[in-house]
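Shared between the two complexes below is chain A, which has chain B as its partner in the first and chain C in the second.
Coming up: the complex of A and B.
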């Protein structure tokens, strides 16, 4: 009974479940730069680079999937390293603007190199190689690495830079170096998500990596809360599942979707997974008990 | 066990609409996956109306061999992930016989492989991009591709306007306009018409004078324009302002009555080809337009006409197969019956022809239909032969 039921469920919702996984990776990729105090919104572009790099390799050259995935991580990481040098000198809203512009550049390059990327028509017939355990493994490894990193010297350096860049510099922390590390690692994770997504949906086109996607990624992280690793994952789960759960509302579902997001932001400004508030609530419960 | 109950209630919640709509056992469930919200909603809603009109007519006339059609309509938002989710829901959960849609070619590239793998017919009424039907032998469409329409448009325009050389202008960041451009280039090469210059623009541009000035200097006999209306209409207006009087030869995106509003006073001399025209006075088309206007209080467009015909074409095949018994057998029987359907509807005489996949092996089925070419004159489309 359970097995048969699960079979149907998986037939219908496998794509949705795997989208939760890739979106969680995307949310974690931007969490990494946010944790280092940088508002960088180039992650949609890094996702695009990862998706195109890996899809071109499997599609045109028949490379094995793991190698294509690795290339899908390496290509955006390299790109991040190159553009990181000049742009990471910027901070706050100026960095946001520069990374936003970079996103547009990537989109327009994809549109105009139509011999390689298919231009606006995108890449079709990408082999569906992504399996559930690829996504699960990618997410588990990413979470484990980030969790370990938070508790290491690197994580403490990120924290210090986020709180006060100048003070961190005066304490002897290599601010530029750590910022670059966060930026490059974030790009690699976004690229991995892009590569997994491309091999799940048969098709990629430049239109899906535009400003909308960049904002969506940022929303997932902020909505979930950036105080911990759980936050971005929770945000990704909610933003991916909400439109599906509201499908019964038919024409009004996007209205409700928006409404729920507005309410969450209004009443939980620090995100859903706000560790301090959760601890406070737990405290109240314990005192009452 | 507890997890099972929880999941069951979740499952029930999600499928509440579908279940609520289930009437009686003899209904034939037909999935409709179209973009009803988002950027492509104007097309999706039109398409939905076409399906509803056709299904109502068929059910009012007693259904298919006594069985009523039941449409299960889902919104794919014009996004590829959503299109996949909706296809999976319709095929595996709602257990539909076949699926119409999705609206956009990009969504079809992502969702049609799902239907192919599940051996369920996916029938597109609005996908015009190359290669959709190469996905597999369960993929059908009655939308005439630009590869078929544009050579015909060009031929008629050349015949009437004495065209020897053309300038080309297209939007290079949009899947419709880019694919239109690719097909225009092929058609121009085939007709041996030299191109004086090729200019591009992007979605959201408002000033095209730089490109048009350059085009004017090359003295073409016509301008081939692959654009959506939002950019195409101002291009026509600005061309006339610059004193360019030569005709325009437009792609699919320019084929809309809205051009008369958006390019007021400058809308004359635009050649467009389409499988459907409001000015076509065949009895089937007159009946369709009258019924559509009576039901929805608005004028139909090409997309509504194609989905209306698509439903009728599918029903012709449905009439010939035996229903009842197992769904997988019904699905493949429908697939086997579809290719031989011939139908004359709002868009004229129609039949399928087999497409090939990348390796040249037979795959899905494309439309075989003659395009109707019209030219704009005094705020109306006039059919040219």
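Coming up: the complex of A and C.
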């Protein structure tokens, strides 16, 4: 009985559940650069590169899925490495704008190289190779790696750079090197999410990876809160499920998406998963008990 | 042929410049990248279209409606969203993210009310006369766009340069705190800036709506991306930069459509932008805000 119920549920909602997973990966990918004090909004573009690289390999050359996934991580990481050196000299809004422009360049290139990428029509008939445990495993491994990293020398260096870049440099931290590490690793995670997502949805097109997607990824991380690793995951869950929950509002549901974003920024500056506030609440509960 | 392209480029570039002027004004004075500026531009165009089709206003009336409606909208956004963030002294990326949310709200509200399809200004709103000078055709609309844009930009630049108000604004751009200590009403001028910048955006919305003969909820998005390109090209927060950057982008687009192909139009703009950022991130005129230990 319960199994049958779950079967129906899974038939209808499996894509949604797995989207939560890939979106969580994306949110973590931008968390990584934010944790290092950089606002880079190129993650949608890195996702696109990962998606196209892996999908072209499985679609045209029949490469095994794990290899295609690895390529889907390596290609954006390489791209990040190439553009990283000149781009990461910029900071603050200049970096945000440069990465935004890079994202648009990638989208337009995908749109105009019809012979390889199918242009505006995108890639069709990508084999649906992604299983639920692929997504779960990718998320678990990413979380484990990031969690371990936060508590290491690298994590402390990121934190120092985020707090004060100049001071971190004066303390002997290799600012440029750590920034590059965060940027490249973030690109690889975004690429992994893109590759998994491409083999889930059957179809990919350049329109999916534009400005809107970049903003959505950023929103998930900010919404959840970037003070912890849980934050971006929580943000991804909420932002993926919200449109489904707001379905009754029809045309106006995205209005609420925007409204929620504004309200969070105004009233919960550290995001929903604000560890300090949660601890405070827990403290109140304990005292009452 | 080339001269004709230059005229087209000039009128398109003027609208870009007008849009970017408001955008850069907000960045220069408030220090905020206002990503709702594209949506405000779109709402202004819709307000004008409604005023024309329901109240039968002439073109100049529509422009005033667009300026006022967008201006008030900009003011409301400042009061409700940007002011609380200023009061909290939030880092500059936070207001940027908040304005993304505002843009989403406005775009989808308009889409919910008017639908996603294109709407148009009535045809008789602008005379379809064409003036020919030595084989170059200039439509009345193009001429009007060029004249109006230059007039508004000259007015703004003059006001910033010559009036007490302009001097106060430039002082705020330099340092809001020092301006406050000098007795300048900083908050009041922030409101004024938000109003004027948004109003200019609304006028640009009407002009683009007439120029491309279409209004649609997402029209602000591509304009916003172009506005970003323009102010980076010209230097963020710099008025002359917005003007020259706008004209330059118009030129680059028109020429790339004419000589490379229409599909590469956006690629040219953004490729250029990316290059500028790598080579000269401060833009043509801007100064890079950087902390030197």
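Here, the second predicted complex is superposed on the first by the 270 of 289 C-alpha atoms of A that agree within 3 Å, B and C clash if a C-alpha of one lies under 4 Å from a C-alpha of the other, contacts with A are read in each partner's own complex, and residues count from 1 in each chain.
Basically, a residue touches a chain if its C-beta (ideal position, glycine included) is under 8 Å from a C-beta of that chain, and two chains touch if they have at least 3 such contacts.
Being a predicted model, the structure only gives us computed values, none of them experimental.
Novice: Name the contact category of A:203: first (chain B only), second (chain C only), both, or neither.
Specialist: First partner only, chain B.
Novice: Is A:92 touching anything from chain B or chain C once the two structures are fitted on A? First, second, both or neither.
Specialist: second
Novice: After superposition on the shared chain, which partner residues are touched by A:19: those of chain B (first), chain C (second), both, or neither?
Specialist: After superposing on A, A:19 lies in contact with chain B but is clear of chain C.
Novice: Once chain A of both complexes is superposed, is A:100 in touch with chain B (first), chain C (second), both, or neither?
Specialist: Only chain C; A:100 stays clear of chain B.
Novice: According to the stated criteria, A:254 is in contact with first (chain B), second (chain C), both, or neither; which is it?
Specialist: Both partners.
Novice: Of the partners chain B and chain C, which touch A:111 in the superposed model: first, second, both, neither?
Specialist: It touches chain B and chain C both.
Novice: For chain A, which residues lie in the overlap of the chain B contacts and the chain C contacts?
Specialist: In chain A, positions 108, 111-112, 250-251, 253-254 sit in both the chain B and chain C interfaces.
Novice: With touch defined as at the start, can you tell me which chain A residues reach chain B in the complex?
Specialist: Where chain A meets chain B, its residues are 2, 5, 8-9, 11-16, 19, 108, 111-112, 114, 119-122, 124-125, 128, 201-203, 205-208, 243-245, 247-248, 250-251, 253-254.
Novice: Looking at the complex, which residues from chain C come into contact with chain A?
Specialist: 33, 81, 84-85, 88, 90, 92-94, 96-98, 100-109, 111-112, 221, 225, 228-229, 232, 236, 263-264, 266-267, 270-271, 273-274, 277-278, 281, 288-291, 293
Novice: For chain A, which residues are in contact with chain C within the complex?
Specialist: Those in contact with chain C are residues 39, 86-87, 89-94, 96-98, 100-102, 104-105, 108-109, 111-112, 166, 170, 211, 215, 218-219, 222, 250-255, 257-262, 265-266, 269.
Novice: For the complex, give me every residue of chain B touching chain A.
Specialist: Interface residues on the chain B side: 4, 7-8, 11, 13-14, 16-17, 36-37, 74-75, 77, 79-82, 84-85, 88-89, 91-93, 106, 109-110, 113, 129, 131, 135, 172-175, 177-179, 358.
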